[in-house]
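Naming follows writing order (A, B, C, D and E), and every chain is counted from residue 1.
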Amino acid sequence: MKIGIVDTTFARINMGKIAIEEIEKINKQKIYPPIVWVRRTVPGIKDLAVECQILFEKENCDIILALGMVGPNPIDEMCANQASNAIQLVKLKHSKHIIEVFVHCTESLKNGKFDEKDFYKLTENRTKKHVYNAVNLIYQPDKLVENAGKGLRQGREDEGEIKIR
Amino acid sequence: MKIGIVDTTFARINMGKIAIEEIEKINKQKIYPPIVWVRRTVPGIKDLAVECQILFEKENCDIILALGMVGPNPIDEMCANQASNAIQLVKLKHSKHIIEVFVHCTESLKNGKFDEKDFYKLTENRTKKHVYNAVNLIYQPDKLVENAGKGLRQGREDEGEIKIR
Amino acid sequence: MKIGIVDTTFARINMGKIAIEEIEKINKQKIYPPIVWVRRTVPGIKDLAVECQILFEKENCDIILALGMVGPNPIDEMCANQASNAIQLVKLKHSKHIIEVFVHCTESLKNGKFDEKDFYKLTENRTKKHVYNAVNLIYQPDKLVENAGKGLRQGREDEGEIKIR
Amino acid sequence: MKIGIVDTTFARINMGKIAIEEIEKINKQKIYPPIVWVRRTVPGIKDLAVECQILFEKENCDIILALGMVGPNPIDEMCANQASNAIQLVKLKHSKHIIEVFVHCTESLKNGKFDEKDFYKLTENRTKKHVYNAVNLIYQPDKLVENAGKGLRQGREDEGEIKIR
Amino acid sequence: MKIGIVDTTFARINMGKIAIEEIEKINKQKIYPPIVWVRRTVPGIKDLAVECQILFEKENCDIILALGMVGPNPIDEMCANQASNAIQLVKLKHSKHIIEVFVHCTESLKNGKFDEKDFYKLTENRTKKHVYNAVNLIYQPDKLVENAGKGLRQGREDEGEIKIR
């Protein structure tokens, strides 16, 4: 399994590093055949999609993590939307998954103020959990089926399944 | 007829299971030739489109149900929009129907609070009814023509046809 | 001339029937060579685009009317937007016109209440007038050039050309 | 040089006619080799993109003016957005420019009321100026480079370059 | 390395010139093999994408800077969104980076008034910094990896990395 890691210089957290460390941790457990990774960094989230495509084309990755931070302004959200739509196109062109790991600054507002500590935790948690999603999509997709409808969350606590009686 | 079922671990209801049980119920009635299903689960709604495409390409499905839950925040709605646009692209690439079964948390707000029971009912009803839409699209499209303009709804009660005099 | 008619079971008015009756009326007038029609019905507006494409591919239609009703909620408008964008893609893939006949429930609000009678009239008028647009696009495009800038409307009264002395 | 002109019956001003008269005026000046034009009219702005494509494919135009009027309601703006996105796709499919000349009714509100006279002037000015942009793009692209960053406007007065001391 | 520069006559600052001067400055330092540039100017931001594509196809650029100014009105933001989405498509069609350098007039509002001086600085800074991003993407992508998660900004001061303890 070869996984691509693409992150940005715009982000305020080294998301690529968090992902790679988690992959290495998995590799040490020797549960799966070794996971090979390649990493690229681009300026901002709008540059992620084409870099993912280049990784599919030149590095033959099986799956990619597209890691990006979305700033707090409406313009940033518009850019995130453009980036996401382009990432969808790359997935469909290559019939392969790209797991989009976007963290929005607006997710960590406390009383209207940006909480760096909370944002770091959110980013770390979301990135790590999505590493496992990527591994499962390639090595054991049945594990995802087992968790269907379980209200899993990346970044925050799982919400759990709705039980009616 | 081979139907693909794709749902998510993000959803808080096992939508894939509801769909499959309804298909099995239809199979027991032996009205149609047996319906074969394949199921996949992906992390979130943004992962649905490419998985649908993989099912068309590798499993040669005739039609797919894309089952997803949309969270309560504006970001969630933006993600749903991206997911839907990508699903449209998959349909057009393969000239086959994908029935999008999305349930939005905002559909079950009662006095501003999320009503889990109502949401479960909505999800179950929408999923089941769309199973029949899928079956009709493949086995008896004329039944859909008969119901043109009847104000049919999935999730809630039908609204019915507008009669002028 | 072969025209495709696609409508939905979601709509509360049998739009396909209105379109077909108008085509038959035109056929009876024997001004043009007979217009052949094929009709399909799909569940909702998001299913229109791929059905239009199937009609182009399997029925070799020259032009298609995509008939849909848009519900009153923001989610409905988002769905309409997705549907329209996909319909644009089908047009461009086949270099043929699809006339989108969408009626929005919000067009018939009177003092905040939905006026069924007004909505029926609007739908009927828009559908019928667009049948003529379709016929003109195929049989006499010059008639459209004659009407350039005339402020023609479908559903409501024409607004007319702005005359600056 | 062959230029395509596509406008609509929805518009309340004969935009195609304004464009053609300006082209003829340029032809009379005999500065450039004669500009050949072809004209089409479609019902509304959503029909522009595919007609532009048909002109590229069947008439081998070098460039096209897509002329449209956008109504005053939010639905109209949504339609304009869909139309523009589709026009982008046609440009990219053919690697040729289409100059989009859209006039929005909301541009001519004076104290909340639609000012027909102002709107006519705006439309005429924007259409004429974009004819020159089209001619420059084909015959003398260097003239555009000369005007880079000059704050040129179509429809209203130029805003000019920002000079910092 | 061949870099394409595309800007607009709509912008109120000669963005192409700023970019070219920075490239020449880099060339004088003789750190890298000489960077060759080609420049085009189009009317507005909606014309950028296809011009970028023409530069990829006819000039075989390795990377392009798409330079545009976004006006202060909602319509301008909608146009910017359309332009950006089309630029994404060009990147994906050619598997090459286009660095989008857009400056929004709304970024330089001071007490609701447009501050020309601030806007000029912002534009100059963003354009110059993105020239270096382009050079790094081609000549030394590892430098970008070194700066992953550093909170780099173009136009304003860098925000820096979030350090937890």
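FYI, contacts are C-beta pairs under 8 Å (C-beta built on N, C-alpha and C of every residue); 3 or more make two chains touch, one makes a residue touch a chain.
These figures come from a predicted structure and were not determined experimentally.
Number of steps on the shortest path from subunit A to subunit D, with steps defined by chain touch: 2. The set of chains touching subunit D and also touching subunit E is empty. We define each chain's centre as the mean of its Cα atoms; on that basis subunit B and subunit E are separated by 42 Å. For this pair, subunit A with subunit B, the centres built from the Cα atoms lie 26 Å apart.
Residue positions of subunit B touching 2 or more other chains: 81, 85, 89. Of all residues in subunit A, those touching subunit E in their complex are 7-17, 39-43, 46-47, 49-51, 53-54, 57, 75, 78-79, 82-83, 85-86, 89-90, 93, 116-117, 119-120. The part of subunit E that touches subunit A in the complex is made up of residues 77, 80-81, 84-85, 88-89, 91-92, 95-100, 104, 106-107, 130, 133, 137, 141, 144-145, 147-154, 159-162, 164.
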